[in-house]
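See the structures that follow.
Presented sequentially are two complexes of chain A, the first with chain B as partner and the second with chain C.
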Partner chain A sequence: MTETTPVLKDRLPIPFNTSPEPFTLVAQGAESLLYKTTFLSPSQPAALKVRPVKKWRHPTLDKRLTRARILAEARVLVKLSGEGIATGSGGRKVKDPKKGDVGAGGMRGMVPAVLGLDWEQGWLVTDWIEGGTVKEAIYRASRSRAGTGVPGVGDDEARVEELTQLLRKMGEVVGKLHACGVVHGDLTTSNMMLRPHATQARSTSTSEGSLDGDLVLIDFGLATQSVSEEDRAVDLYVLERAFGSTHPREEDLFACVLEAYAQGEGSGMKGKAGKTVLRKLEDVRMRGRKKSMVG
Partner chain B sequence: MPIAIGLEGSANKLGVGIILHPPHDTSDPPSPHDSAHSDDEAFPSRSKPHTSPPVQILANLRHTFVSPPGTGFLPKDTAAHHRRWVVRLVRQAMRQAKVRLEDIDCICYTKGPGMGAPLGSVAIAARLLSQLWDKPLVGVNHCVGHIEMGRAITGAENPVVLYVSGGNTQVIAYSAQRYRIFGEALDIAVGNCLDRFARFLNISNDPAPGYNIEQLAKTGSVLLELPYPVKGMDVSFSGILARVEEMAEKLEASNGSWLDPETNCPITKSDLCFTLQETVFAMLVEITERAMAHVGAAQVLIVGGVGCNERLQQMMGMMAQERGGSVYATDERFCIDNGIMIAHAGLLAHKMGFETRLEESTFTQRFRTDEVLVNWRD
Partner chain C sequence: METIVLPHLPGQPLQVCLFANVQNAQFLRQQLLDGNANFEYAFLDAAVLLSRQHVLAACFRAINDMLQGRLKSKNVHSEIVFSLSPNNNISESFRRFGVSETTNHILAIKVGGDQAQVEEHLRQHVEGQMVAFTDGALAGMRDESRIRKAYKVDIASVQADAFIIGSMALKGS
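The block that comes next holds the complex of A and B.
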């Protein structure tokens, strides 16, 4: 994924076009360009997300959307890392985070911490999340599942088990997110990172095909603060559909996500709240299905 | 040589088309890889695989039921329209194609999705032809028809497809022998939103409400604020419709006294059309771009009636260019519902051995794009 092509700095927004840090383009999403760089200190790895002007969009609309999205994303992230949506592997709550502390490296959240932004120039800097996306991890697992052939039946079962664990983790994290009063708006397996555990990271950079690690949600560009069941259900629906189309072979396992969501391990959507959302999800699905009515 | 006749009538257009697939058994564009499962970002523009022999369109006729301004097309009237025209259109198509009855391999018809009554009229016509001529029937999914025709005409190999019409709004990508829906409208279709807005403003339905909105929008310049409901790769249009209808009421009541705060010019009908188009098309381009980023595709194909809109094509083209890709679109002959696409998709399936037996030759209002096994692609 990580390429070493030098980035043309004059394409970067102010002030990055004149700053000395190295920039590596890691991803070109739909909305934004993601660079790996450092922020303020060379020892602070950071993700710079630039929302370039979309020339195809009316300039007024473009400005409005860029501003709204950068601000919304930052507000949500600050709220989440402050409220402690979950940190580390145990999902402990963060106790009153000190202002300057956020993302200083000591806090390990399930969301990146905000380091800086400028909505006029269209950029947002957060701390850097190590590891790969859940999408890649599932592809890897899927490939080795297919590749095991006849003798590795037990191995295959272990794979499914591991995959199930990962899916449960997804459900839990989304549950926690919703319990914090935030809906993500664009839940896909590309927007979930699997960060190797601290010890793991030291030794070898994630053993090939491992599904282990902390799940970190990224790209809150479409996130909104909401506690409405409708919004939560739509959030799950978006994930369900993205999952089904990205991982058709694993689609049958998706139920684990919803199950874990409603069980609300840690501080998620426990009990009635979770069940209500799942019921609402059925309505949303029906509505989506209805779209096949008229040609 | 495989020849098929296709009958389409899922909405207010009745279409009859006759297609010929040239004999080499590669008549559909090969798709070298499955985008949703490829990790490689760079889309290799593959050594142009022996550009498959183009399909031959022997006839492509259409007759549209146009309702008066301020009204939509009702299922009952539309079905009656189709019944009235289907025989004439089939006759004319056969004459134009100059094919003999024995050359025809199968009779393809739209099984769904669409409006019940019009679908029914056309299904009955197809059954009748099947028995009269003793030819097998092939029931076709309307959406798959659009996609396959778009691919055949433009030569796009494995594009992300934006399917936008009066009844459907879907972002589709091919993966593992299915056209998978990545995003869609959660409530009303984009074309429905445009049509109903046109009805509200009493804009003519001839030739199509969307076309007239497009012409009006060309003289509009003020962008008013509308909701922008994008949820991941899904969108929603009913809130926008409600808001823009409120604006239309305000415009009517203001009698020219509603001024644009920046220029002090009065807001016009054209500005409303402009605002509506700019907003909904931006949403569509955005979700398409998101799907392209998600599956790592660089090509995009626009199909469906709204796909004729030149502003939408232009916006999509700029987006694709920014991503180093290209946009493929067809003109009104293939974008708007037509019989040839049904013939084409039906013939692709028929060559794989697919047939719809008479007793199964039903139609259905609900028929999802991803229900169809696309076994003619690898």
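The block that comes next holds the complex of A and C.
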């Protein structure tokens, strides 16, 4: 799926610049490069995020920004992996009334684990999430639906059902995240991965159009710790807008995300807290509409 | 005895040897305290080790910090011990993760060196049984209450590995 582009290793930070290991450039964002490589063991695939030096920025400022963003992402990921098991200051000894209940184990498996980082050099390694992005999965599913030829009604229903399940998972996981006191800041279907279940055979996991699997949130570079309903509503609004423009054919089903967010099994925003956020979301939408009318 | 080459660090192979039921922990500790140049090892108390990955994450951090000229302790071997700690207190990290008088099982690590020579030297000086360095062996040596205390977690199983390894990686930030 990912083509192998020759990677210029000497542009990687130490110690990767002299590494004999393979690197595959998976994504190139505005601020960062993401490589698939190995870490700690040759058989352990890992995701290496590098924030290269920005030549046009003042070096001191650039260093500070790189450091801040690498650390922000790593801190949130580690905090989330300790949710429900950490007993120190990072954990939740004092119960915050605005925090929901996530239960022991917290977000384990729903975010990548941090394996290493160097905030001076500007790199972060997390474990590799198999599968692909939710965006790709939805595209694939919609293609294979179109490709069945005769659009059998039963087949279509099954697809909608699968998609609904996936959207519900999205709502539940975002609900859990918010209940942990974190807002993501950049929720899109490219910042969510769909990892095939461990028991799924390789062949079926990659099978055409399957929407089965565990949802994993990635890309916490803009995440912040917040329990404000406003921030949570904006997080959902960003997702809603991104979803609508990336998946216009599926847009009508987005309501499932919000429904599961506020009442889904396993969601951390069950009950009153979730409802308040959804009410706020209506205000945020309103403001968004006004702004786009003016702009 | 095993030689482990960490991905990305081919120039710093690790000679790793796990010993069960060590009888002379006090002697080994004394060699480190005396700065005996023949004992350039990280001697870890295996009771506080969660998994191979846990140990290798500490080794990677220590070697990377060495390559960057950022060692906080004497040398790369003491730095491996320190790297296991989630906080910046060096002497506490030696007490918690290093060999002590009461240590039963020891993981010995040497950065660099020749496998045969290291093995011979350890066989001569460590009074214990060499066992394979596996997650299973570590699980049998583990003292969960010490791990819970060291990392401030309420479970000491692989369920906590992401938080523990992540906390080590973030130390000093």
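Keep in mind that, in the parts below, the second predicted complex is superposed on the first by the 243 of 295 C-alpha atoms of A that agree within 3 Å, B and C clash if a C-alpha of one lies under 4 Å from a C-alpha of the other, contacts with A are read in each partner's own complex, and residues count from 1 in each chain.
As a working rule, a residue touches a chain if its C-beta (ideal position, glycine included) is under 8 Å from a C-beta of that chain, and two chains touch if they have at least 3 such contacts.
Predicted model, so just to flag it, every value in this text is computed and none were measured.
Student: If we overlay the two complexes on their shared chain A, which of chain B and chain C does A:Thr37 touch? Say first, second, both or neither.
Tutor: second
Student: Counting only touches as set out at the top, which of chain B and chain C does A:Asp118 meet: first, second, both, neither?
Tutor: second
Student: Thinking of the overlay built on chain A, is A:Ala74 touched by chain B (first), by chain C (second), by both, or by neither?
Tutor: Second partner only, chain C.
Student: Please name which positions on chain C make contact with chain A in the complex.
Tutor: Going through chain C, the ones touching chain A are 6-11, 52-53, 56-57, 60-61, 63-64, 67-68, 70, 148, 152-155, 159-163, 165-167, 169-170, 173.
Student: So in the complex, which bits of chain A are touching chain C?
Tutor: 14-16, 18-21, 37-42, 44, 71, 74-75, 77-78, 81-82, 85-88, 90-91, 104-105, 108, 113-121
Student: Touching residues of chain A toward chain B in the complex: what are they?
Tutor: Against chain B, the touching part of chain A is residues 28-31, 54-58, 60-61, 64-65, 136, 139, 185-188, 190, 222, 234-235, 237-238, 241-242, 244-246, 248-249, 284, 287-295.
Student: How about chain B: which of its residues touch chain A in the complex?
Tutor: Contact set of chain B toward chain A: 10-11, 36-37, 39, 110, 112-115, 142-143, 165-170, 173, 175-176, 178, 180-187, 189, 192, 223, 225, 228, 230-234, 278-279, 282, 285-286, 289-290, 292-295, 314-316, 318-319, 322-323, 337, 365-369.
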